[in-house]
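Two complexes, one shared chain (subunit A), two partners (subunit B, subunit C).
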Partner chain A sequence: MNLTVALARLLIFPGILFAVPAAWFFLWVERKSVALMQERIGPPFMQPFFDFVKLLGKTTPVRNGPGGLLMQAWPLVAVSAAAGAVGLLPVLPSSGGFEGDLILLLALLEIPSICIIAAGFSSRSLFAEIGSAREAVLSVSYNVVFLLAILSIAASQHTFRLEALAQLPVSPLRYLGILAIVVCLPAKLHINPFSLPNAEQEIYSGPLTEYAGAELAMWELSHGLEWVASAGLVATLAIPHFASWSVDVLVFVAVSFGIVLLLSVLAAATARLAIDTTVRFYWQCTLIFACLIMVLTISSTLFTRVQS
Partner chain B sequence: MSYKMPMGPYHPALEEPYKLDMICEGETVQDAKLHIGFNFRGIEHLAETRNYIQVVALMERVCGICSNIHTLTLCQAMEQLTGLTPPPRALYIRVVMAELERLHSHVLWAGIAAKLMGFKTMFMECFAIREKVMDVLQAISGNRVNYSMNRIGGVNRDIADPLAVLGMVEQLEREMVSTIIPIFTTSTTARSRCAGIGVLTHEKAVSCGVVGPTARASGVPQDLRRAAPYAAYSELEFKTPVEEAGDVRARLLVRALEIMETCGILRQALAKMPSGPIDTGEAKVVFSAGTAVSRVEAPRGEVMYSVSWKENSRNPARVHVRTPTFANMPAIRYMVMGARLADTPLIQASIDPCYSCTDR
Partner chain C sequence: MNLWNRLMCICRRRSPWLFHMNTGSCNGCDIELIASLTPRYDAEQLGVRLQGSPRHADVLCITGPVTHTAVQAIHTVYGQVCGPKAVVAIGSCPATTNVFIDSRVVVGPLNRHIPVDVFVPGCPPRPDAIVQGIAKAAEILAMRGDTETAVEASIAPDFKLETTEVRR
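Right, the complex of A and B next:
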């Protein structure tokens, strides 16, 4: 992947120029669909954009010292990482990429979560610190399943290159991996039943309690970009490339939209779980998923030997 | 290392201003202290400056949810002092109003509990149904919050067509059976948030003197409608749901079962409503000096009014109100000790607190 292609992917498509409006759109889809399921009217189409602009115009309280600087830095790092993750998605065929970009994508997807944890502790609010501790525990729990899923997909198809994965036919193990990723997404996106770090009835906004104005706008944007990156990752892994670029883009958006809707339905239909139940759930998922991988791998090996 | 975690006086989990200071170790609550008094309005003193007609309207404002219960209890106490006995039809109308109020209070509580579990869809569903209960209350009384139904010696408005109201109640019952009750009794996530948390043992419930659904969920079969019947309850058949577990799920189940019993009581009261006048028709009432006490089973538990009158006075000498929350709130400390921090909003809400009424 040369520099021009890399910049085009990061800045134009599927990067910032596409991803930022898509983030606002997905945030709107989530809020609107939940509202409709709750027999409410819900926000107008432009509301996430209006929220962003309004927050940008608010004055942010001055915080002196390294703590204040860190609090300003974390949302910017989170937005950059989430935008970078979207930029790495192989939406278009033959769009570049490099061996190991899957690992980079995983790292970039994890950075916003680390930033949220750090931001909560930097703000030195009691509620933020509890939220950060919850985010850390949640992250340790779901990431085992998430990484296992990604690694099993990559290992089964012998590549850590996203574009190669997107072009290969989908195997049963890959479907299983995609299912495991989808199970992790509600925790990654802090929606019900795993909306623990920002459980407003318990700890206000959790790690973001002390944030306001432009910094909060950046967190909102980062959250939207995480939606695009997470839904987009599932879309690129689940649907193989077509011959036409335009069809690929449309399918990518449609499948991402479907995943956002699916997650919104789940969020609307469930109560928030407690932290120990959540941890138990993800460790059980890890065990079940690991067993299934083992069974699938052994059976496919036996099947290959019998055939040969 | 333990730390102090304040919840309130202004907090997204709280409907009204009060404060719960918790000493936590990690996510576990070690101890808690409740502070109230943020909404003191001096209503008991104001009551001493109002005459016997004005005081009914004043005491209706003690609570925004069980407003009817407060006037019912006050009127019953004042009727003891005046020697008036309301006619049978008025007693049945009082039952209908009290049970409709219980219905909307329990549904409102279910909504609040759902919100505290992070189950906002259920919250919306509950409040949509509560609106319909309030529509029925409006159809009867013309009001949605302060119904102005009770007066000394009867009620202010008649239920002209009880069968029409019966149809509305049956529709409500169908909706509750198909939505709220199954979700609260069978939903896995709701069950995981409620079962085994905020346990108040039978012994502790008795020693704390808790009342209402909180007591009944800890195996204390206490219900004033049965133990000391008032209005027309002695002529109606109903069960008192009791659960033994003492946890939040038990409190939820008791209220869910009470919703069903309430619908049954409403059906009976509307079908059996006798004809006749709705008040005694006395133009002027005369109070004898003394103190009268009245107790009523409000949606949250026992409400007690102690009303004192002096000779030849138009105003009460003293009106003392004891709300169910006053009896239930000491138990919160024992419920939250050892609980997860995430469960404390739900646990403290499980007694269906109304601290503004308690502050008066």
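Right, the complex of A and C next:
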């Protein structure tokens, strides 16, 4: 992919110009669907935008020294990484890409979570440190399953190129892998039942306890962009490309919306689990499931090789 | 007023985030504050969100008659809320110290310690009154803009914390 295409993908579609309104829209869908499930009316359509602008206009506490600089840097790193991850999604057919961009996408998806851990520890608040420790434990638990699922999908189609994965027809094994990814998404997005790191009221606001104003606005934005990137990743893996780009875009948005709705309903219907239950869930039940998919994939690949 | 300021006014009015603080309340007002967020009253329609950290909040909701041990905490939390901010005193206790008046462990009312923007009297007040108070505080926030806490001077100047008077 040349520089112009790369910049267009990062800045226009599916990058920042599309992803930021989409992030606000998904944040609204999350809150609104929870409200509807609880028989409330819920926030107005523009609510995430109002919150964002209001936070930009608030003052921030003075932060001195390298620790303060780091605290200001983490949200910006998280937003850039999440925006980059959205920019890599192959929404349009034949929009370019390179061998191994799936690995880059996974790395970029992981950076916001690492930033949250680092931000909690650099803010030196007790509650933030507890939140960061929880986030670290959670991240280690779900990432094994998440990476195994992605690896099995890539292995079943013999490529680490997103463009190629999006064009090939979907095998039944890939759907199993996608299911494993969807199981990991609530933990990745810190929503119920795995909202341990930012457990509201329980440990104040978790790693973001000390953040205020524009920095907090950046965290909200990075959270929204993570929604877009994760839902978009599932949408690109689940639905193969059609011929025309307009249909592709519509299907991408519709499938992402469906995934956001599914996760929000799950969040509204469940309560927060304790850390040991969460870790046990990922290390015991889901890991066995992911290993099973991996074994199935490898054996089916070997089987087809032997046959040919 | 330019476009950005006008937009900021609208956004401040439409998105008040709360931090709830109990300064020795009997829990009556706390329950009513939570009730105002539940499905029947649904304050989230106004953009209200209960935040876990005072750093994230715009509106500080205080219940209770301000006991001696709570004074320092009030000052800390008030300082932690980033400006522009508003304070809503929920219930009769922070307004007048209510039935606890003349108690030797109560150093209220609240406006001797920090500037209060909206009083919601009642013992306890109804949830719809609390929602109205929060909406009013949000309007004050929007009008206040970047000028910090205009009513700072309204704190009684003669008040000082008398630690020696508390006998057990």
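The criterion applied here is as follows: the second predicted complex is superposed on the first by the 290 of 308 C-alpha atoms of A that agree within 3 Å, B and C clash if a C-alpha of one lies under 4 Å from a C-alpha of the other, contacts with A are read in each partner's own complex, and residues count from 1 in each chain.
Going forward, a residue touches a chain if its C-beta (ideal position, glycine included) is under 8 Å from a C-beta of that chain, and two chains touch if they have at least 3 such contacts.
Since the model is a prediction, treat every value here as computed from it, not as a measurement.
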Quick check for you: in the superposed arrangement, does A:Glu99 touch first (subunit B), second (subunit C), both or neither?
neither
Counting only touches as set out at the top, which of subunit B and subunit C does A:Met37 meet: first, second, both, neither?
first
Output check: A:Ile130 vs subunit B and subunit C. Expected answer is one of first, second, both, neither. What do you get?
first
Should A:Tyr204 be classified as contacting the first partner (subunit B), the second (subunit C), both, or neither?
both
Contact-wise, after the overlay, does A:Thr59 reach subunit B, subunit C, both or neither (first, second, both, neither)?
second
Subunit C versus subunit B, contacts on subunit A by residue:
C
State whether A:Arg272 touches subunit B only (first), subunit C only (second), both chains, or neither.
first
Just to be sure I read the superposition right, which of the two partners does A:Gly213 touch: subunit B = first, subunit C = second, or both, or neither?
second
Touch test for A:Ser195: subunit B only (first), subunit C only (second), both, or neither?
first
Residue overlap on subunit A between the subunit B interface and the subunit C interface 38-40, 200-202, 204
Which subunit A residues qualify as touching subunit C in the complex?
31, 35, 38-44, 46-47, 49-51, 53-54, 57-61, 127, 200-206, 208-213, 216
Subunit C contacts subunit A in the complex at 7-8, 10-12, 14-15, 17, 39, 42, 44-45, 47, 49-53, 55-56, 58, 82-84, 146
Parts of subunit A lying in touch with subunit B, wherever the complex brings them together:
34, 37-40, 126, 130, 192-193, 195-196, 199-202, 204, 268-277
Touching residues of subunit B toward subunit A in the complex: what are they?
3, 5, 11-13, 27, 114-122, 124-125, 128, 187, 189-190, 192-193, 340-345
